[in-house]
Each structure stands twice: as structure tokens, then as C-alpha cells.
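Some structures to go through are shown next.
The same chain A turns up in both complexes below, where it pairs with chain B and then with chain C.
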Partner chain A sequence: MSRVDQDELISALLAGKHRALARAITKIENRSPGYRELVSELHRHTGTASVVGITGSPGAGKSTLVDKLAKRYRDRGETVGVIAVDPSSPYTGGAVLGDRIRMASNVGDMDVFFRSMSARGQLGGLSTATADAVKALDAFGKDRILIETVGAGQSEVDIVKTADTVVVLVQPGSGDDVQMLKAGILEISDVFVVNKADMSGAAKTVADLEEMIHMRNDPTHGLQTGHHGFEIPDHLNRADPADEGDRWEPPVVETVATAGDGLADLLTALSSHREHLETTGGLDRNARIRAAEEIRQHLRSDAATLLEAEIDRRGGIDALAERVAARETDPYTIADELLEPLRETIKPRSDRQE
Partner chain B sequence: MSRVDQDELISALLAGKHRALARAITKIENRSPGYRELVSELHRHTGTASVVGITGSPGAGKSTLVDKLAKRYRDRGETVGVIAVDPSSPYTGGAVLGDRIRMASNVGDMDVFFRSMSARGQLGGLSTATADAVKALDAFGKDRILIETVGAGQSEVDIVKTADTVVVLVQPGSGDDVQMLKAGILEISDVFVVNKADMSGAAKTVADLEEMIHMRNDPTHGLQTGHHGFEIPDHLNRADPADEGDRWEPPVVETVATAGDGLADLLTALSSHREHLETTGGLDRNARIRAAEEIRQHLRSDAATLLEAEIDRRGGIDALAERVAARETDPYTIADELLEPLRETIKPRSDRQE
Partner chain C sequence: MSTDTAQRSIRCLVAKVGLDGHDRGAHVIARAFRDAGFEVIYSGLHRAPEEIVQAAVQEDVDVLGISILSGAHNTLVPKVIEGLKSYDALEDTLIIVGGIVPEDDREKLRSLGVAEIFGPGTPMEETIEFVRENAPERP
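And then the complex of A and B:
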């Protein structure tokens, strides 16, 4: 795509053309040439959307809940963008078919823009692609952006952290709660939803969650050893321990998404959390944390690409590995040799007075 | 530690002094100054030990099995080193106490060298530290090295891949099999052990595992969709599809580790796999794959350290994130700017004729 075409794409997107939005997200998803410049430009136009991430095990009812939420926002006259991410299915295109069926309730309403993304072999890069796609939706002018992702592994945690508000869906009696907590989801969850609240065991699941939240927020229990004896990694803990008074206690909302029950309570919880972020400076703090993570992520990824080029220049990884296996050299020595140029470049300048 | 002290440490280690071995591993675990040069030097003396990795859920009986295996090797007159790694407990020193009790059966026998390692906050670096500690044991001259690790997450997979032979322990009726397979353990497992084989449900667990192994090895089922419908990531698949005839079919061994039942079968399975690796060139292939992974891991880690220095030189990550949050710039632009020196260094040289 030429520079002129790219400028046209950006103008059309900013002017509210859904076709341009779709093309931009495709470019972002495929990492097509020019995607970086595209996202760099879009970034300047972001910052108005409210971004909610929704995660939970397969079958917990995420799709239905997202559909219903989108509908409620539309009824209020707000525009909605949905990004559904499935990190566990790098090969299948199955999600797309399912999505068409799901989105039937909003058919014809172009102001619910739906897009599914899958890993396509670029493990680890999916959270970056998601964050970039969210920027496209934000720059486009969508009022509400919903990020939906399956499960509770590290990649899902990374994906869902793109949102200002994280909703975790739990199915009664599934044992999901314990699994998710182990994955560090408790620490990034702002709102818990016990969906299918008409199932038996729902009351117990609600009570269990509330107890865990209470344990977390009670300083006498400490942060490091939770209810289930698991450890909470510091980097997952977005709460600022300095601001005891500003601490957010995640509410537990009961819904039956298929029937629409509890949707009003969920909307209230979401707007309360948004308000909490606004009054405590949490929105800005989250934006800075995200920016720092994006910078580091891009640096890691770009450095890896450059280092692969350097490996190739030195005969390729196989030749290097062969020399290590033959004990002619060793991995640390090779790393030192390959990074010497970078070390040279950075070191003299850091010694210089500025 | 001065250069002379380091040389003395290496000499003492190579001369078979256990105190020097313990000091070397402490240095490796703590990443103390000089650890890289130490490992570089030790690497030259490696390549004689047989390395077995043992993984499985908590309670599956790994500790007991490792103790009994060590005892059997000792009875044959072989020397043994054990590295027990617990990636999930970065804070507690609990493992050490447990280990003392466990190793009671081998007390006084210095030729079973036991060492536990925990994450200590250096997540991701633990597999590197483990691989380096294994090199110390190998260079020391241990005949058998056992790496024991809990669970079945990505870090455990990385740790256990340090071994030539991977043993996966499954407890009957625990559902462990399904969980581990999801984590990609099937693909790196060379020997399955159904421990506590006197429990009810053992026969079913054995049958389930054998069916899964059969499915994997049957080309008509394909590699991509296994018995449980999960996908097998390519990077976890160590089998070489070109060598159909050389393919190893993981045996399923039943043991009752506490009573020593089935230990002989396990020893047979382990030596069969070793022989298989030797006759098919698998040992060399694994060594090259490991070398390549170590090179890439060191490059990533070292580049990250250098980039952090560059971030600091530019005012620190907080200042950069602040500028992104204020939309003065964006993460991609910052990454481009920071990596410009590296790009400059690599590019002109790759254009040069060599």
C-alpha cells in the first residue's frame, strides 16, 4: 500500500467508514506492511472509547453476554465495537462461522462492528494485535469497545489487560473460580459475573467469590497468600497499595444472559467502575501502565527480529547450534558475540554527559 | 570472585569436589557475577551424563520415584545428581525442608547430590538456570542427572526439555492426563508412568494414555487434532516426521513408587529410550535443538537488559509512557527510535560482502 493509499485509509476510518475500519483491522491482524505507521497515526486519535474486557471459560456464556451488552448500548444510542479473541485456536476458522450466527441479533446494525481474531501462529503477538485493533476502533469513534476472550491463561490475561474494566465470567459449580484465580485473574478482575445464575450452586459460587474478594482486600490476610494458598505475582496486581481508600472492591453480579436477567445490574457495575477510575485517576494510571507494556513488548519483538537477522548473517542458527553441540563454543559466548554491536552502541553513549 | 578464585572453583569441580559443585550451582542459581564465564567453561566438559526429566502434578509421587531411581542407580555404582525445580513457589523455602526429609534414604551418600531450585522472582529464567546447573553436574562427572519439576505449564515444559528423556507421571483417576496433554506434555513425553498403580482406576488411566499415544502416532489421525481435540504446537513437537521408522512410541509403565514396584520396568524403559536416541542420532539432534534454544534465550534476555539501559538513558519507562498516554508519541515510534542504533549496526554489515 502506497503512502497515499494509507493516508486515504486513515482519513476514511476517521470519517467513520466501516469498510476502512475493517481494512485497517485486517492490516493490523495480518501485520501487513505499513501496519506500524497506521497504528502510530491512529494512536493520536484514541482515548475516548470505554473499553471493557470479558473473559471466562468456554461455555460460561461470554458470547451471549457480549451480544446482550452490545444490544443495550445500542438501545441507548451508543456505538459498539467487539473484538473476540481465541488464543487457543491458531488454525481453525471456526470462530467466524459461529460469530455470524451469534451476531444475528444485531444484523443490519452496522454500529455494532464485530471482528474475531485468532492466533494464526503468532503466539504472544496476539495481545499486541488486539491492543492495536482496539486503537483502530477507538480512533474510529466507537463509544464502547468489548474485548471477549476465552479462558484464563497468561495470553488471555495479557489480552484482557488492554481494557480499562475487566469482567470475569464464572459458571456455577464449574470449579472455574479456582482455576482462574490460580491464573491470576482475581487480581485483574474488576467485576465478577456469575452467569447462568438460575443453575443450582449459583449462590455458593457467589459466596465463594465474595469471600475471596474479601480476603484479598483485607490487609490482615496479606496479598501474597490468598484463600487458596496461591501466590499473586506482583506484575498482575494493578491495585495501588498506597491508595487504601481508593481501592475498588469487585462486585459479584448474577446474570442469566440468555434471558437478559441481571443485565441492568451489570451495566450499573460497569459504569460504577468507570466512575471509580475517573475519580481516582485510575484511567490515566492504566493508560500509562499499558503504554509502558506496549513499549517493552514492541522492543522485545523488534529486537528479536533484528537478532534473527544477525544470526542469519553469522551462518544461521543451525550452524551456531552445531558449534555449541561440538563444544567449540557455548551459548553465552555466542550471545556475547552477537550482542557486541548493541553493547558498543549503547555503552559509550550512556557514559556521555547529556 | 577474582579470576583466580573462579579458576580454582572450576578445577575443584572438575576434580570431583562436591563443595565446589555446590558453590558453582549457587552461583548459577543466583546469577552471581562471573556465572556466565563459569558456565561457558563448564560447557566444554559436558556431554557424558544421561539426563532424565520427571514431571507431573503435585501428589503424583515424583519425589518418591526420584528417590528410588537415585537409589537404584547408586546400587549399580553410578553417581547421581538431582535438581528439583518448583516454578510455582517463588517465595517459599518450603521445598528445602521437604527435600531434607526426602533425601533421608540417601543420607551420607554424597554421590547422590541433591539440589532444589525455585523461581525467586526470575520467572522465565528458571529453565536457563536449570540447564546451567545440569551442565555443572555433567561437567562434574555425574553419570545420571534427574530433573524433577512440578506441574505442566509452559515453564515446566521448558525446564523438562533440558533432559534427553522426559518422564511424565500420572496419578490414576486424577484427570491429570487431560490437563497435561492440553499443556503439550504428550508431545515431549518419552515415557509415561502411571504411579500408585494399586489405586482403582489405574487400568483405565493406562488404557487412556495408550490410546492417546496410538492416536498421536497414527498418521491417519494427523498430528494437529489429537484425541481431545486440542492442537499440538509445532515447537513442542520434537518428533521428526521424516523418520517414520525411527519414531519412538512412549511406553506406559505402572509403578508403586513407595513400594518400589515397577522400578525395574521403568529402568528398562529409560535405557530403551536412551538406546533409541543413540541409534537414531536423537541425542545429537536434541543437543543441537537445545543449543539453538539456549542461544535464542540468552539473546532475548541480554537484549532485554541492554534495552532497559537504553530506556533509562532516555529518561526511564515512566517518562516514555507518560508521553504515549499524552499522545505526544506512540509505542511503535518509541521502539523505532530506541532500536535505531541496533538497526544501524546490523544493517550496513549485512549489506557488506563477506
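And then the complex of A and C:
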């Protein structure tokens, strides 16, 4: 794409042309030539959207919830962008992206811009692509951006971290899911949603989650109370910034996404968290953390690209592996050799600064 | 893997439009496309032409496959094509139709912008090969 075409694409996107937004996201996703300049250009127009990430195990009801949330936002006159990430086959790279099927409440409404993305087997690259796509939606002027992902691993955690507010969806009776959540998603969750709350076992799941949250905040909590009844404490009203300081206690919201039940509670929880971020300066802090993480991510991947080229210059990775297998050398030595030119160029500069 | 390596994958929307409830063919083709390494977005059943247009534009698909077995192709396909035109999305989207389309109607669909029509019994490889060869080059 020529410089002129690129400029045209950017101005069309900023002017609100849906086709241009779609094409920009394609460029970002494909890593087409010029995508970096595109994102760089868009970056200055971002910062107005409120971004919510939604994750949870397959079948928990993420897509349905996203659909209903989008509808509520639209009813309030806000525009919505959705990025839905689905896994792709590690063998063929193919994927069936099915999240769109659930988008039944926003038929023909172009102000809900829904985009499916596949994982494409990228290591770390997906979170970059998602973050860049969010920037495109933000620059386009979307008020609300929802990121939906299957919550199964580290890359999903990375993706939802691009959001201001992270929602973790749990379905009733999923003891194993709660076990899984302990491993890492608990730390990043700002709001828990127990969806399909009309199913048996919902109260138990809510209680489990709340216990887990309390245990994290107050490890002796379980010892004092002994049991959890069906009364669900109202965390939203209890959160008192004067007492709690900057700490945010994730509320547990019950929903039945298909019927739209509990949506109002979820919206309240989301705006409470947003308010919390605004009053505690968390919004700015998160933005800086994200920016730092993006810089590091770019450095890592760019450095890796440079080193890949260096590997090729030295006969390719297979040849190097062969030498290691033959015990002629070892992986550390090879890594040192490959890094030598990089180390050489960076070192003198740091010496100069001292 | 570097994030800077261009990673292009053919994106297809497999669309069921209108009141036709027969989606076996669409499912089979969606799976076959996936196994061929394409990224497939499946629309789900009973979609209005506007929904298909919305999906095709937002997802920026290279290929739009419309599955119709109800005989309503002469009504529905033109609406989809008109919609794509209004978003300047017609010329770089490969439109194919699968299903039961009488010989007499094929020429009309082709003149509207449908690239190919695949009837019952078309070998899967033929359709995949056609998509591979004709999917538009994106800048």
C-alpha cells in the first residue's frame, strides 16, 4: 500500500467510514506492510473509549453477554466496538469464528462494529494485534469497546489486560473452572459474573467465588464466618474508598444473559469500577503500565526478528541445532555468539552515558 | 514468532440468508474451509441480507459464500450485492453461491457479480481450489 493510500485509509477511518476501519483492522491482523505506521498514526487519536475485556471458559455465555451489553450501550446512545478472539487450528491455521452468531440483538446496526479475530498461532503476537485493533476502534470514535476471549491461558490473560475493566465469566457448577481461576485470572479480574444464574448450583458458585475473593483480601476471613448463606453481600455499596484505600474488591454479579437478567447489575458494577479507576488514578496508572508493556513487547518481537535474520546469515536454525545435537557446541554458546553484534552496538552507548 | 511477519489468511463468511433452514451444507463447507486453513466466520441461520452485508463489511472478508436452498436467490442475492456496493465492498469481495440454483438463473446471478455457483455434488476440493485461485489480493 502506498503512502497516499495509507493516508486515505487513515482519513477515511477517522471520518467514520466502516469499510476503512475494517480494512485497517485487516492490515493490523495480517501484519501487512505499513501497519506499524498506521497504528502509530492512529495512536494520537485514541484514549476516549472505555475498554472492557470479557473472558471465561467456552460455553460460559460470553458472546451472548457481549451482545446484550452492546444492546444496552446502544440504547443509551453510545457506539460500540467488539473484538471477539477465537482459537485457530495449530495444524492448518484455519478457524471457525462463531461468536458472531450470538450477535442477534444488534442486527443491521452498524454502530455496533463486531470483528472476529483468530489466534493464528502467534506467540505473544495476538495480544499485540488485539491491542492495535482496539486502538483502531478507539480512534474511530467508539465509546465502548468490548474484547471477548476464551479464557484458557496466558495469551488470553495478556489480551484482556489491554482492557480498563476485566470481567471473568463463570458458569454454575464449574468447580474446576474456579480452580482454574485461582491460577491467574483471579488476579486480573475486576468483576466476576456468574452467568446462567437460573441453573442449580449458581448460589454455590457465587459463594465459592466470594470466599476466594475474601481469602485473597483477608486470609483469615473463612475462619471467622464459618459458612456462607444465600444472602449475597452487596460489595458495590460496601466499597468505601476511605476505608479500603485504593483497593478494589471484585463484585460477583449474577446474570442470565439469554434473558437479559442481571444486566443492570453488571452495568452498575462496570461503571462502579470505572469510577473507582477515575477517583484513584487507576485509569492513568493502567494506561502507563499498558504502554510500558507494549514498548517491551515491541522490543522483544523486533529484537527477535533481527536475531532471526542473524540466524539465517549463520546458516539457519537447523544447521545450528545440528551442531548442538552433535555436541560440537551448546545452546548457550550459540545464543552468546548470535547476540554478540547486538551487545557490541548497545554497550559503547551505555558506556558513553556513564 | 515475530509479530512483524506478514500473516495472511483467507477470510470467508459462510452465510445462510432468508428463511431457508437447511444448514448442513453450510456446516460442511465451513469445516472444509477451516481445514483448508481459511478463517471462517459462520453467520448462523435465518439472516437478513442487511446482516450479511454488515458481517461481510465489518469482518472484511475476502470471500462471501452464500448458501441458499430455498429458491429465493433471485430476491436475496441482489439485496446482498446492493448492500455491499453501498459500502464500496463489492469489487474486492469474491462472492460465491452454493445450493440449488436453476440453470436459467445462473447467468443473472453472474451478471450481478457472483463469481461462481456450486450446485449439489460439487467436490469440496473444487470449491476450495476456486477460492484459493480467485480470492482477491489485498493491499
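Keep in mind that, in the parts below, the second predicted complex is superposed on the first by the 305 of 354 C-alpha atoms of A that agree within 3 Å, B and C clash if a C-alpha of one lies under 4 Å from a C-alpha of the other, contacts with A are read in each partner's own complex, and residues count from 1 in each chain.
Just so we're on the same page, a residue touches a chain if its C-beta (ideal position, glycine included) is under 8 Å from a C-beta of that chain, and two chains touch if they have at least 3 such contacts.
Just so you know, these numbers come straight off a predicted model, no measurement behind them.
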{"item": "Partner chain in contact with A:Ala129 - chain B first, chain C second, else both or neither", "value": "second"}
{"item": "Which superposed partner A:Arg19 touches (first chain B, second chain C, both, neither)", "value": "second"}
{"item": "Partner chain in contact with A:Met212 - chain B first, chain C second, else both or neither", "value": "neither"}
{"item": "Contacts of A:Leu266 with chain B and chain C, given as first, second, both or neither", "value": "neither"}
{"item": "First (chain B), second (chain C), both or neither touched by A:Ile188", "value": "neither"}
{"item": "Chain B versus chain C as contact partner of A:Ala291, first or second or both or neither", "value": "first"}
{"item": "Touched partner set for A:Asp302, first chain B, second chain C, both or neither", "value": "both"}
{"item": "Residues of chain A at both interfaces, chain B in one complex, chain C in the other", "value": "36, 88-89, 123, 297-298, 302, 304"}
{"item": "Of all residues in chain B, those that touch chain A in their complex", "value": "36-37, 39-40, 43-44, 46-47, 88-91, 123, 154, 224, 230-231, 233, 284, 287-289, 291-292, 294-300, 302-304, 306-307, 309-313, 317-318, 320-322, 324-325, 327, 330-336, 338-339, 341-346, 349-350"}
{"item": "Partner chain C, residues of chain A touching it in the complex", "value": "1, 5, 18-19, 22-23, 25-26, 29-33, 36, 88-89, 92-98, 100-101, 107-110, 113-116, 118, 120-125, 128-129, 297-298, 301-302, 304-305, 308"}
{"item": "Residues of chain C that touch chain A when the two form their complex", "value": "1-9, 11, 30-31, 33-44, 48, 50-51, 54-55, 57-60, 87-89, 138-139"}
